[in-house]
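Consider the two complexes below, in which chain A is the common component and chain B and chain C are the respective partners.
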Partner chain A sequence: MSTERELQVAPIVPESVMHNTKALSNIQSLTASIFGVAAGILGLESYSGFLFYLIFSILTTMLFYTVRVAPTSLKSGLGPFDTSRYFRTQYEFWTGGIFGGLAGYILTWTLFYGLVRA
Partner chain B sequence: MERKWDLDERSSALVDGEKGGLTENGWPELLTPNSQLPSSSWTRGPDSRSLDSRSRQPLTTAAASNHQNVWTGSFDYWILFPITVVMILTGVLRHYVTVLMASAPKKVEQPAVKEQRSLIHGIAVRSNFHALTEPSFSARRDALTTAYETGAYLKDPDRKGQPPANPMTDPGAMDGMMGMMKNNMAMIIPNTLIMSWINAFFSGFVILKLPFPLTIKFKSMLQAGVATREMDPRWMSSISWYFLCYFGLQFVFNLLLGNEAAASQMAQQMQGMAPQAPNMFGPGVDPDKQFQTEAENLAVIDHYSVLDGVEERLLQGIKSK
Partner chain C sequence: MTWISKATTTFGLLLLAHACYSAHEHSALQAHRAASLASLTASQAGVATSLPIDIAIETVVATFIVVLGLVLGTAQLRPIRWRVWAGQIEREGEEAFKDADGEIARDYIGNPFKLLESRPGFVDIRKQRQEFADWVKSQ
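Now for the complex of A and B:
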């Protein structure tokens, strides 16, 4: 059976996909700006700042997975770290937020770095 | 307060911190540079780290101009916060202006609606054929294909085969363009205004230090209006704070306006950069050609139903439990 026919037998609801993606990108952009505040207050510079962002945004995604995705997804027989029950691609889930929140992170990071060190 | 500068001597002026206090109304005093300059405060060196961030940069735009007014004190709050607040408020205002300016959908003539809807009907049948049984799909296909090929759904069947009318002469097309223009205007006018406002009031101030290093190429972008050659490109002027706000304030709009509004703002920002997808019913599109294409698309469909073999699938699902 081809994948196209599988999709037709069990169709994906675009509204649900939109809602899930929106919830994820929302939490990513908000937490990214808060991480920016934290990094600015800590006075992180250059690589350590970006590393801070990378680690904490991955941590946020991990928490999102364990709290919201994992309970039902594991129960339905999917493997660990498999988000296909709620998200279309794995790539979108794990790395989409990193780029989405970067602009907000840099903004608040710069602002609080400037304010605290000034 | 000891101040160290690694600036070029011909560059802008600086003022000793003790000389410039705040005036009674809280605004930093305007001082004439080069008058009370202790020569000891000049240090020249490549080490930009000696530039203590506590000594705010009383730099001015034109190093060549004779009468430079220099601010001292922590004036950056008077630049940072106005710009940020104005950016946020403009975003909110722009959202409501677009909402208010959105013109109600124009009343379309019945034949024109028929033309559009029948095409959409064809597309819907083509993309959802698997939900139909074989006889009902072929009945729909036959009816649609015949109607498409004879031009029964066309707005004015007499014009079939003729080139489409000039979009400039069609009043309906002009309306669509006006709507696009309005949206673009709501984008361009505030941006131009804010940029000229920042240039008029705050140009030449170095207000913030980026927390990450940049190459020298960014200097002309970040320090526009600050005519110093040896300053670290990490220091940024007020106009670059504007750009940082422009791209980074998305999360604020997310909070303030809700998701849809923020998404539309983002889409508008992107609109300036990416070319638009061609409009399906836009001006200059020949509906007859669209109908012919759709008839061909319908004709080549190899029909099957999702219910083919559903018994086996059901039995397998029950057995595996």
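Now for the complex of A and C:
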């Protein structure tokens, strides 16, 4: 009830939501493949590979926040790490892409692990 | 902005390719050395050293540079709150909807307050009635 009323008071532009989500998921699936290449070159195995992916995808999200979200978001008076100007939920921004890029990561990880150690 | 992003990404990919080639050569050299050692003395067969630290550093730095380039190349985000979005369009016009190549996005619909800007003004109904009455009297 309260969220419906909130949407009536402050309506949301669906095109903008789609555009922002697409920009974020594009960058995350692209970089996930790059991380796979790096992990394959480094020859990471089992848990250290997943830890590498987790660290680097959080780093990517942080970088995306600093480059695209922070300049206008902070200027409009929102606090640091508040993405409500461009994304509906905080959860969607910070952790949404981790599982989306995992398949591409494992694909290139195994490929380059096999290629380098021929 | 766009050529910076492209140049950074290309540079990072070059570094990554170089690191990949170095790692491949390293492992090939290791395999060769192990095989030749095994033929000489069977004692040191199966020696496997980990990746040299410079290749590892190059890989991590290259990954970071590629990510930086890709992030710099992403499209500008758009505000999701209707009032913020409409206010930005009214203040900045098409500028907020241009992509990296300077082209306006296809789903740009123009000023959302266009309807209010172009609506007809108030009608003076009393004056029109007076005119009509004068016209009727003159008949």
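We take it that the second predicted complex is superposed on the first by the 115 of 118 C-alpha atoms of A that agree within 3 Å, B and C clash if a C-alpha of one lies under 4 Å from a C-alpha of the other, contacts with A are read in each partner's own complex, and residues count from 1 in each chain.
Note that contacts are C-beta pairs under 8 Å (C-beta built on N, C-alpha and C of every residue); 3 or more make two chains touch, one makes a residue touch a chain.
The structure presented is a predicted model; accordingly, all values stated were derived computationally and were not measured.
When the two complexes are overlaid on chain A, chain B and chain C sit side by side with no clash. By the document's definition of touching, both partners, chain B and chain C, reach A:117.
Contacts of A:30 after superposition: both chain B and chain C are touched. Taking every C-alpha atom of chain B against every C-alpha atom of chain C, the smallest gap after superposition is 6 Å.
Residue overlap on chain A between the chain B contacts of one complex and the chain C contacts of the other covers 26, 30, 43, 115, 117-118. Listed in rising order, the residues of chain A touching chain C in the complex are 10-13, 15-17, 19-20, 23, 26-27, 30-31, 34-35, 37-38, 41-43, 56, 59-60, 63-64, 67-69, 76, 85-88, 112, 115-118. The part of chain C that touches chain A in the complex is made up of residues 16, 19-20, 23-24, 27-28, 50-51, 55-56, 59-60, 62-64, 66-68, 70-72, 74-85, 107.
Across the complex, chain A is touched by residues 53-54, 56, 74, 76, 80, 84, 130-131, 207-213, 244-245, 247-251, 254-255, 259, 304, 306, 313 of chain B.
Every residue of chain A that touches chain B in the complex is listed here, in rising order: 5, 8-9, 22, 26, 29-30, 32-33, 39-40, 43-47, 49-50, 101, 103-111, 113-115, 117-118.
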